[in-house]
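What follows is a pair of complexes built around subunit A, which joins subunit B in one and subunit C in the other.
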Partner chain A sequence: MKKRIFILICISSFLLTGCWDSTELNDVSIVTGIAIDPGKEKRYRLTVGYVNASILSPQIPFEGAPVSVMTLEGNSLPEISARMNIGVSRKLVFSHTRALYINEEVAKNDGVGSFLDSLERNPQFRNDFNILITKGDSAEKFPTINDPVERVPSLKVQKQIKSILKNWGGDPRVRLTDFIDAIVSQGRSPIASSVTIEGNPEKGKNVESNMETKAPARILLAGIAVFEKDKLAGYLSLEDTRNYLWTQKLESTMVTIPCGKHGEELKEKLYFDLAIMNNKSTIKTFYKGDQPHLKVDIYSEARLTSMQCNEDLSKKETYLDLEQKSSKYVKDMIVATIKKVQDEFGLDIFGFGEALHRQNYQKAKEVEEKWDEEFARADVDVNVHVAIRRSGIRNKSFLSEVPANKED
Partner chain B sequence: MGLSDFLFKRRKNKKGDSTPEEEIFQNENISKEYFKSLDKNKRSLHELFKQTFDFSCDDIRLGESEACVCYLGTMLNIHSLTDKVLNVPRETSVSKNPKNIEEIRDRYFPTMAFEYADTFHKVVWHILNGFAVIMVDGQEKALSLEIGDTEKRAITEPSTQTIIRGPKEAFTEDINTNISLIRKRIKNPYLIFEDFYIGGDTKTTVAIGYVSTITNEDILNEVRERIEKIEIGAVLDSGNIEEMIVDKSFTPFPLVFNTERPDSICSHLLEGKVALIVDGSPFVLAVPSVFTDFFQSSEDYYQPFLMPSFIRIIRYMSFMIALVLPSLYVALSTFHQELMPTQLLISIQAQREGVPFPAVIEIFMMELTFEIMREAGVRMPRAVGQTVSIVGALVIGQAAVEAGLVSSVLVIIVAFTAIASFVSPIYSFSIATRLLRFVLILFAAVFGLYGVLLFLIIMVIHLVSLRSFGVPYLASVAPFKLTDQDDVFLRLPAWANKRRPSYLFPKSPVKEKKKQKPSPPHVQGGKK
Partner chain C sequence: MKQQKLMEKLSLWQLAVLLFTFEIGSVAVVGVGNDLRQDAWIAVAISTLLGAGIVSFYIMLLKRAPGKNLFELMTISFGKWLGKGIGLLYVFYFFYIAERVLRDFCELITTVIFENTPIEIISITMMGVIAYMIYLGLEVFGRTGEIFIPYVFTFTILIGFATFFSGEMDFKNLLPVMAEGSGPIIQHIFPRLLTFPFGELITFMVIIPYVTQFNKAGKVSVITVLVSGMIIIYGTVIEIVTLGTEQLERTVFPLLSAARYISLLEFIERVDLVVVFIVMFGIITKVSVFFFAGLKGLEHITNISYRYMVLPMATIISYGTILISDNFAEHIEEGIRFIPHYMHVPFQFILPALFAPLLFWRTKKQKRGSDTNGSK
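Showing the complex of A and B:
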């Protein structure tokens, strides 16, 4: 009897419970990009870009839009996305969202907190999409800009961010949870990446723009958007973004450094280039009396990628000299960026406050409430050591072997 | 011994001193008595074999005595019979008339293999086994002469377990040939074969082989006992025996190892296993067998050890692929779209665009089609065999995709699964994955990845519960033994593999005691 009941339970668990949350792939639309604009009648205006998969099939290449967008107004994100099917045939799946475009108006006036909560709450959203603040154009245009290589626009943006991060470092590498952590944190201000459209977005919308070799519209990365709590405070340039990343975790980048001593005026402008390969940075915050000090130690390994200076690369001294020059140059760059953030925003986007929290908890507790002011008046000390490891597959530059003109 | 006592509950050995014939005919209506009178014996033989055309009873004279030669003409070579038995010169001189059957044999058939039959049962048994039985009037025993030389299949290359390097002989249907193939490889007086006669109607010879200095007594007794308990009508292949002696029938996994390779059986014997050879079957069984046996090919031991170790890992991988790949596809594409990389998801979605069936139906359809084709391919006469592959490749591979009935990624999955399922060197094991796959697809369709995992957990629980002749089926992995790992997932070189598997409790657990790692000769200053 017991056995029979057990079997009955097993069978009914199959027949009565299963399949309730299964969805066939042909019944869903994969959303790759979401754009949030201020609404005209209601609070938000949400645009979703979902993939038109059959266009992307290699077997049936036929002309058509790789993504389709749908725009709707409403007061909250879940509400709007639930109503999306008034115009979209399939169930929208948000798990593959690659880019979240937020109109700067929304970020400035409303703050992003209210809809970030719904994103964090929703199990569908992964923690790997990019939060992008749109500069200039309204956010809804961004998911529509076509690209001939990466046919799904939001995938293109994601890939482009990945690549720049790997090669140069123009994206702060902030994900949803990082952003939310930074909002909550007392010792760090949140940042996000910002994007702009270069060219004519109306033309970029058209799939036929893929026929042109020079895209009529392109989405460009435009540096960091700095937030005060969940409200947009301002922007930093791409250079500053790279410098910011240098203090955090930089994969690799490229710097061009003038040959002459700092401040020395040269007749010709000559430079050498370093490809930075390997980075270590530590942040320290401490107080000397009442004065906060911010200290950043940076150790970078570099590869020489171009050499216009007329110096002998077969000698050790040259390398030491170049290392010194570049250390100084990089240091000045980074100090300038930190100073700029201190002066312009007074917001600690670097996480010096968090460092203080780890290193001197008592003091951190004391200054917690007014940390941003403390940050703004703090002394900055950056130590950079650049170590040049290699000089490519050449040591002496051929430029140094060109016979010198007798007139000189 | 404590553990092995626990593993093998010993029962009393039922076997008495009775000879095979007595046992075989004890339930039948054949009288046992052998008479002195030739006529009586002839009459009862004729009674027994009266309707059989190939039975003959030829009267001859041996000296002064009346005699007759009885035999089944189809069970022996009739020319040898004529030469050696019927044509012997029969002297009629009275002086040296042989008195008893021993003298008769000595005089007339001195060079032939013989046996005496003192009961009528024995006579019948000998006739059935292809002997020529000479019954002499007035004697208490009959003389059975072995003629032999019947037709049998020659030793050929194995057809199901082919290897590239290694011996190419395979077992045949003849039990004596098979035993000789084993004996040729193990020249050891302790290699013992015991015979059993099983099958109420067929009286098939079944031999168990073991090396008495290695094999554990308890395992041996268990095998004997299980074989003696068999009471079935017919034994036509070792498969019949296998089903009667397994520890558990309700399992898709084979609990008895079978092979048609003598070298493979020999290595099992030398590990301490028992071989079961059934007359008429080219597949010899080895017990006890464990899960990992089915991932080992005898060629693993004939190639340098690195590659076989790699290939073993491939085999385990392909076992898992054959088992779970289709269900993973179902689970991921209908429940967990978020688990796939975006690009992959988009391209799968692009291919599924326009497919009218849900993923489960789609995959069931294709898997069933494949199973049907496989079955047809096996059963089809060789001459039309190619039709299956052509039709199959066209139907499955192209037409179905082009017609939009299935997506092309599914064809890849079904094809890959099918190929992966053939990787196991033992065919009966790959059958197991075929069956489980369908159940697993159902689980995946109903519960998604959760179902797949649930099923795998159930499967592992089931596997752990299995035993083969008392030995845990997952032995050396599930009761984990570090010393046994030298020949499980990897094959260590021969000099490093010194011990017999401990789960078999061999009488001599160590194969080689010496350190034998080869090294270059010590050379000093260019001289030895």
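Showing the complex of A and C:
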């Protein structure tokens, strides 16, 4: 019996090793950032930034670069990344990629479709990295910009995006699959986030830039990049990005609203601030006769965070008044953004077409082919209700208590 | 060597467990009704009801001659030689489907987890486990199921909750409901959804006769089919609302892709291996049931205890798994175009429907002759 068990263990030790797919941690390098530029001789120029793991260890403070970068040209991403080892010692592992920087030249001329397929197909890639279109500088510089806090550049970018999404909303929250779904979908045009470098990227490359309190180079978010199918069509500003997000799913944001009635010029420029917390938005698309209508209903809860106006916040009427003002203001903002997208691009980035597809399938089938034109000529109707709930730990502003020094 | 025929018994609970894992196994790998986009769950719901009907039909056949399995029933109705001939066809059918099911799993593993491992190794090791389990007998098989079912069930339920709380679900994806009308749904149900996964329960005509409380087996099977149907609907809805219809059409392993979205508290992440666990157990059950059914058929035809044939047949199946198709596209296309029409429908519906009247006639005569069976 014992002999038999022994033999069994011996046999199974051969069967259960799984040696084909074993990789030691010492043999891999973890890639955090990928940058794609147009190639000079070949189609693409790929830059990968992989982590120098030992520098991140808290025990051994080791001087050196937190990431290392390698650039290579080739015609497809899998081919280039497999060939990376002509200059990189370890096998590159892509499952922890945090940022994909795409040069706007590539996005504009070549389209992004052809390499997004290889990313979606590969089970190594997760759906949690950010697609970033680089404005200005070439994409290969982005994985090299050092940051003293996060150390790994691409991790910094990802965290930055996460934070701004939570606090203000300057990133369209688009992941790989969302992007691809939007390319395929006839009722939505794809968008991605865009980034720029502020400062001197040559200096930012140097690890010693981490010694400076004011970083010589910094990666900034720069709003939405709008795509037509898989080709870049243009950009929207950060404000518009926030407004776009407001129609979709906004976590929280901050708006500054002028005190005076809308359009009315005040002598002094006075504002009050609202921190918007809970948002609910519904998108409806319908036809009145032959005219398409786009309708967005927005309900937001807000907290007042600053008050330069001379109004008494202990009264209910003031709240109602401010609510009206801010609803109007936000509404105009969002309408302006939608109109701008209609006029400048004529591309439905908001997903109104998808809404029509859900709400009136027959009609959607009819207009599917020419939806973007339909979107461009549609009437826009935005309903905003901002409910101001509370105003911090003060009611009246001390500004209203200040002895009248002007013509009050 | 003991030549006596072991009488193996399966409890009702074990039967329910096997039925349940059998149903959700392959479905967890490749998903059902992906072509129907957001209406897949409706099709699954309808075919679950029809599936319950099919199972009660099979049970009704079995009740005509208690204790006799599918092959013995066929001998009763068609006579010795024709019955055995058709039985042999069934044996081929069962083994072939076992190979296909195993291939599904091997493709999943080689695509997602072991990219460099030869697919043969996976099919051989899996078949080794299955062969060992079947060699030990039906009781061991049932008990294995009993051990694993709590995990399989809870994990399946948890995947839905986890994706929901990860905020990755968008219930708007379920709209519009039945946009194209009921035509595509009906086309899809017959024959594809009706045969896979519900019609495949014909294999249980070989297993149900060994259940201890045979008279309750019918009720238990029908209830289990309904419950597993609900779980399949649950899984399908998860797939639709998480992936969205566009992605659902492109993805090869939908439930796995959906589970990849799970990310809770920045701590519970990359849990797609849980899906692989569910799939693995579902596949083991499914292949085992087909394998066992085929072996029992051989036993009936050759009059040799099936245990002697476990190893050779397991070898053939693990080899056949690789041989049946050159690449993944061929494998899937066969499964969609060829198998439902030319294999599932004849073996699951036409042949049973053919021998049912014969069976009724023969057993009626028998019952009149000797009333020992005691019709209840």
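By our rule, the second predicted complex is superposed on the first by the 387 of 408 C-alpha atoms of A that agree within 3 Å, B and C clash if a C-alpha of one lies under 4 Å from a C-alpha of the other, contacts with A are read in each partner's own complex, and residues count from 1 in each chain.
The rule we apply is simple: a residue touches a chain if its C-beta (ideal position, glycine included) is under 8 Å from a C-beta of that chain, and two chains touch if they have at least 3 such contacts.
Keep in mind that this is a model prediction, so the values were computed, not measured.
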Quiz item: In the superposed model on subunit A, is it clash or fit for subunit B and subunit C?
Solution: fit
Quiz item: Taking the superposition as given, does A:Asp21 touch the first partner, subunit B, the second, subunit C, both, or neither?
Solution: both
Exercise. Have a look at where A:Gln324 lands relative to subunit B and subunit C in the superposition and call it first, second, both or neither.
Key: neither
Quiz item: In the superposed arrangement, which partner chain does A:Gln291 touch: subunit B (first), subunit C (second), both, or neither?
Solution: neither
Quiz item: Looking at the overlay, does A:Asn127 come into contact with subunit B only (first), subunit C only (second), both, or neither?
Solution: second
Exercise. Answer with first, second, both or neither: which of subunit B and subunit C does A:Asp181 touch in the superposed model?
Key: second
Exercise. May I ask you to name which of subunit B and subunit C touches more residues of subunit A?
Key: B
Quiz item: If you stack the two complexes on chain A, which partner ends up touching A:His357: first (subunit B), second (subunit C), both, or neither?
Solution: second
Self-check item: Angle, in degrees and to the nearest 10, that opens at subunit A between the C-alpha centres of subunit B and subunit C
Solution: 50
Practice problem: Would you sort A:Asn109 into first (subunit B), second (subunit C), both or neither based on which partner it touches? | Solution: neither
Self-check item: Overlay on shared chain A, then closest C-alpha pair between subunit B and subunit C (Å)
Solution: 5
Exercise. Show which residues of subunit A both subunit B and subunit C reach, each in its own complex.
Key: 18, 21, 126
Exercise. Could you please specify the touching residues of subunit C with respect to subunit A in the complex?
Key: 111-118, 121, 125, 128, 172, 175-176, 179, 243-244, 246-247, 250, 260-261, 263, 270
Self-check item: List of subunit A residues in touch with subunit B within their complex
Solution: 14, 18-19, 21-26, 28, 30, 32, 51, 53-59, 93, 95-96, 98, 124, 126, 152, 155
Self-check item: subunit A - residues contacting subunit C, complex
Solution: 15, 18, 20-21, 120, 123, 126-128, 177, 180-181, 184-185, 357-359, 361
Exercise. Would you tell me which residues of subunit B are touching subunit A in their complex?
Key: 333-335, 337-338, 342-343, 345-355, 358-359, 408, 445-448, 451
